[in-house]
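These notes concern the structure reproduced below.
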Amino acid sequence: MRMARLRSVAIAAACWLSAIDVVAQDTAPPPELPAPPTDVEVKDRPSDNGQAVLISWMASADDAPEGSPRVLEYWIFRRELGQAEWGEKILDSPAGTTTKTDDQKIKVGTQYEYRIVAVGVNEGVSEPAELLGGVASIRQWFNVQKAWFGILLVLICGAVIYFIEAARGGKDLKVRKIAGLEAVDEAVGRATELGRSVLFINGIQDINDIQTIAGLTVLGNVARRAAEYDATLEVPTSRSLVMTTARETVQAAYLSAGRPDAYNENNIYYLTDEQFGFVASVTGRMVREKYAACFYMGAFYAESLILAETGNSIGAIQVAGTAMPSQLPFFVAACDYTLIGEEFFAASAYLSGEPHQMGSLKGQDFGKVVGAVLLLLGCGAATLASMANNNEAIANFAAYIRDSILGSKGLFP
Amino acid sequence: MNNRANAAWAIIFVIAAIFLGWRIATGNFGRIYVERQQVTVHAEDGSVAASWETHTKVPPRDHLGEGVSLSIPRTIGLWAGAILTLCIFSFLYGDNPFYKTAESIVVGASAAYLMVIGFWTQIIPNLIGNIVPDWTRTWATPGLDPEAKADYVYLLPLLLSIMLLWRLAPVGGWISRWPLAFFIGATAGFRLIGFMEADFVAQIRATIIPIWVRNPAGGVDIWASIGALTMIVGVISCLIYFFFSLEHKGLVGKTARLGIWFLMITFGAGFGYTVMGRIALLSQRLEFLFYEWLWLDSPTADAVSGAASLIMPGLGA
Amino acid sequence: MYEFLKTLDRRWVFLLMFLAVATPILLKVTFPEKPSAMVMDVFQAIEGLPEGSKVLMAWDFDPASRGELEPMASAFTRHCAEKKLKMYYMALWPLAVPMIQDSIRILEREYPHLEYGRDYMNLGYKPGNEGVIKVVITNIRKLYTTDHYGTGVETIPMMSGVTSVQAMDLIINVSAGDPGTKQWVQYVATPFNKRMVAGATGVQAPQLYPYIPAQLVGILGAIKAAAEYEQAVIDGYPHLAKIATAKEGLRRMGPQLVGHVLVVLLVILANVIYFIGRRRGDTR
Amino acid sequence: MKRTAPLLIAATVGFIIIVSSFIPYTESWGEDSMIWFDILAAVAFVLGGGNLLKMNLKKVSDRRPGWAYSAIIIAAFLITLTLGLLKVGTHPNEVFWNKPWSGDYIGEGSALWWIYEYLIYPLTSTMFAMLAFYIASAAFRAFRAKNMEASLLLGTAFIVLLGRTYAAIILTGWLPELAHDAEPSFFGQLWNGLRLEKLTETIMGVFNLAGSRAINIGIALGIASTSLKVLLGVDRSYLGTGED
């Protein structure tokens, strides 16, 4: 990393003014000039593709609310090493806040020189502070700030993969029961008894949302049950890509249940991408068709309560699963069973019927253990540091957990 | 629903109808006035190159102003909007043909509307505009950066789009799985990093606080300390509730139960906050009906607000 | 009575709700507000900026949430205009553009001395959701070659030196969902340590609390906070008290109170019925 | 080919993007793929619109019950589409006045603007506003103190509902407020904390914060492991599970 530091270089004010194209009028008295900024520092912005340098300086002595003449802003100029002219200002920064900024309009590897002036009332420009000798940005190939994040990621993803492989290898993974999953069978069964249809809504997000994909897995399972019980399954979607994918999933489920003949493509249809247009149509259908069971599995927004309350008014069994925290209260209040956040993803593994999918749940648990350990260690150290009147060693340990392991200070701060 | 209830509803609807009728018979309402403005574009030599009229909505009280006139299309629109609003609200009483009509209009119009938006904001500027920028600049997006060069990388999303639409063809629908796989893979990678960084690591980091909280004077702030402890206990117990490897029995069961309590308080808070938002939405809709359509924001409204201070003394009106 | 209430048709509840909201609107009931600590944090984040600071006004809501969020957007706009900050409006929702235009209309009418392109500008909408955020935080000109009206950004004075959103001194986001505050926090405020305040709907607000204070300076949650913030701005700049539209949130608090009280009463009533039923051994 | 190729594509793209987030040089890849997806999503409207038309045309031609409403859908769809794609009623951009297609497709006064302002907006925002009614009926129906969990949910909602309006001042405004003091007394803080608006702040800042954080952490792990399953081909529900 290159760094250079230079004193401010005084240049005759008159020649300076003409250089940046500010013409003082003959009639007005020349403005009083503020004191210049000092200590210009320019260095490469770390962990980037070399597209920027960080510029910082010490504020002008007049940069204070009671300063006279008041400094309004700083102007920054740049030239390539070896050029004579400074040209137009490239950046400006208001006075009184920060005395740093970054220049992002540079070519990687090129050497630049910088000049900063304080600007007062009537564009009175101070003497400049300069950084001469050249600074260049550097392209880094690995973002060292993220090293710890990478380690955590490898650990947790590694655990998921390890447990999936272990389950494939025949290891029996014990996973607790998830309340609400039995309700899936029960609901489909009841629809068959009543001779009414089942409604499945796969959220209102597009196919590239992970919740939509988790919902599709649940849909596959519901469809298999519906095929076995010979119940009609209806899937309105608000995205055409979800419609095409849901058709494949449901068709495959009917096939695996041995009832390919019962599959009807027209029961999986697109309405409109517009959120409330979609809801208006679905609630209308709910009241008319009087579904016996309603499933809401995926990403939901404000429509959650409209759907759940309408479903309730027609007396349907309702099972919901979503990872949208803001909608969980309504599903919890209005549905018979709700899969809360992480449980929803767990359910999609649970219902897939493939034991090795359960490995992912164990991997998630490992992640929670890692999180809880870091949390307890960090809180413990922070508390001790506070009790021991900021004992340096303990405070450093707490800071390392917070700012390096969980922050962006890298392995060796 | 019994007969008495039906009679009660009938009375309510009749009162509403009489009120509307009275409004129509006596009041001025439900009109939109616009102000005309002439837009004139001058060519370089100063001559008029083009000119057209634009209209801006003005409040009804300014309807006598210079250049202000009644806008027939917007007045029709206002009535259509108001009637459709009532059609949707009618669903609260029960399904009916008015609601079904409104529902059909919103499904058809919104599906097409989003298609149009997609065409003018995505397909033209981002797809076509990147592949043949010179051509798009000649008609649709003249403001596009004049230095923009054709970016043939965008032939790839074009190809993917064609593969996707292949599904409409009678054979080879499976080809559409390729673009889908591309995007599902990309977003899975994208989301994995994004969520782990902002919602896992950053959230644990934010929870690391001392349980021993000092106040500015250097002493121990007992209530803040209790708050910090409660918060950390809450996070840990909720995490244990979500733990799948252990049955909820014994100590684990008890902690998980505590976790559920925290979750329930969270949901209660969410519910309370949301009530607030939903009522604001309804207020806004009713303001549309009352003020913009029925023009109830007239001197009569001031007379009533005097009465309000009788109903709620001391609260101000 | 008990039997009637136990089997109460929900239409009666709907009617009560209608009356609870409609009556205060027609009677124009308002209440005094006292800004809470969180609202004052947000107020101070803007108040503390020196004149000429750059503020990104990211409006990510559509007309459907106007009722809750427009008072916030307007109050933010007025506050920034009073402080003479440079305002850069942008939108990630296609339907947020009219919302920006509403804010700009306030500037045109009430602050005619402010000049488009020097004191405020409208970057407009770009499709791409959070993708847009990820691009503008490193390079704003890759997506925004022109402003909303088709003027090249190179010719706009206040864009000089602004190469990315990192040049902003504060980010103000008013959002009704995704993409919105969460994405701005995930992709801008967290990785680039940018100061940010947000206006959120009541639904979103509880989910944003975990990001305070490290990732967000503060939030305005729902119409109540909007009303308090309006009050804070009016306290700071008393001449605004004369402008009716500067008190939109305060006005909406009337229906809020009655609506909330109704919901509370309904919950109490429901529980009374439930407990009477339980005592009578009614298992239904 | 039909199933293996998509799995390979998803895995390759996904892992490249994960690794690229650690390499500054490849920072923009993820964004580019998002921009591409948005283009594709716009193209997908054609797929959806086509399906909507097909279904409703069939309903009309079969004269199935409610076919008249299908006819309304078709009419609304086609009218909006035509007016919007042809930019009916828009003015050209003032700077590029000689390019008639340069105008804002939804500028004030255009046909599409009218449809939005007077049909789509009132309909969708009214649908949204219906939530105020549903929330009231949910409160009446579902919030019963059947057990500890339900009571907590209900009690919290109660406090927050009151604490976020003027009702808080009416009910608990008499409790002494905290004096500005560097070391406030234990009871001074307690009384101040029991004011409904302060209690709401505590619920939001302590209990809701804890619950939301844990939910967020759980969801992050759930999304990470589901993403990983998709990339590894363990979860292939998006491909259908059949042979095809």
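Per-chain numbering from 1; labels A, B, C and D assigned in written order.
The rule is short, and it goes like this: a contact is a pair of C-beta atoms (placed from the backbone, for glycine too) under 8 Å apart; a residue touches a chain by one contact, two chains touch by 3 or more.
Small disclaimer: the values here were computed from a predicted structure and weren't measured.
Steps from chain A to chain D, taking the shortest chain of touch contacts, total 1. The pair of chains sharing the greatest count of C-beta contacts is B-D. Our note on geometry: chain B versus chain C, Cα centroid distance of 12 Å, whole angstroms.
Chain B and chain D have CA centres that are 8 Å apart. Between the CA-based centres of chain A and chain C the separation comes to 20 Å, rounded to the whole angstrom.
With centres defined as mean CA coordinates, chain D is found 16 Å away from chain C. Across the assembly, chain B contributes 88, 91-92, 100, 102-103, 106-111, 113-114, 117, 121-122, 126, 142-143, 164, 167, 180, 183-184, 186-188, 191-193, 196-197, 200, 202-207, 232, 235, 239, 242, 263, 266-271, 273-276, 278-279, 281-282, 284-285, 315 as residues in contact with two or more other chains.
Listed for chain C are residues 10, 14, 17, 21, 31-32, 64-66, 127, 138, 150-151, 191, 203, 206-207, 210, 222, 224, 256, 259-260, 263, each touching two or more other chains.
Chain A has residues 153, 156-157, 207-208, 210, 213, 241, 244-245, 271-274, 276-277, 280, 302, 325-326, 328-330, 332-333, 340-342, 346, 361, 364, 367-368, 371 in contact with two or more other chains.
Chain B meets chain A in the complex at residues 88, 91, 94-95, 99-100, 102-103, 106-111, 113-114, 164, 167, 176, 180, 183-184, 186-188, 191-193, 196-197, 200-202, 204-205, 207-214, 232, 235-236, 239, 242-248, 263, 267-268, 270-271, 274. Against chain C, the residues of chain D that register as touching in their complex are 27-28, 30-31, 34-35, 38, 42, 93, 95-96, 102, 121, 124-125, 128, 132-133, 135-137, 139-141, 143-146, 154, 157-158, 161-162, 164-167, 169, 197, 201, 204-205, 208-209, 212-213, 216.
Contact residues of chain D toward chain A in the complex are 18, 21-25, 27, 37, 41, 44-45, 47-49, 51-52, 55, 120, 123-125, 127-128, 130-131, 134-135, 137-138, 141-143, 153, 212, 215-219, 221-230, 232, 234-235, 237-242, 244. Looking at the complex, you find that chain C touches chain D at residues 8, 10, 13-14, 16-18, 21, 31-34, 36-38, 63-66, 127-131, 134-135, 138, 149-151, 206-207, 209-210, 222, 224, 253, 256-257, 259-264, 266-267, 269-271, 274-275.
Residues of chain A that touch chain D in their complex: 47-50, 139-143, 146, 150, 153, 156-157, 160-161, 164, 206-208, 210, 213-214, 216-217, 219-220, 239-241, 243-245, 248-249, 251-253, 255-256, 266, 269-277, 279-280, 302, 305-306, 308-310, 312, 323, 325, 328-330, 332-334, 340-342, 344-346, 348-349, 352, 354, 356-357, 360-361, 363-364, 367-368, 371.
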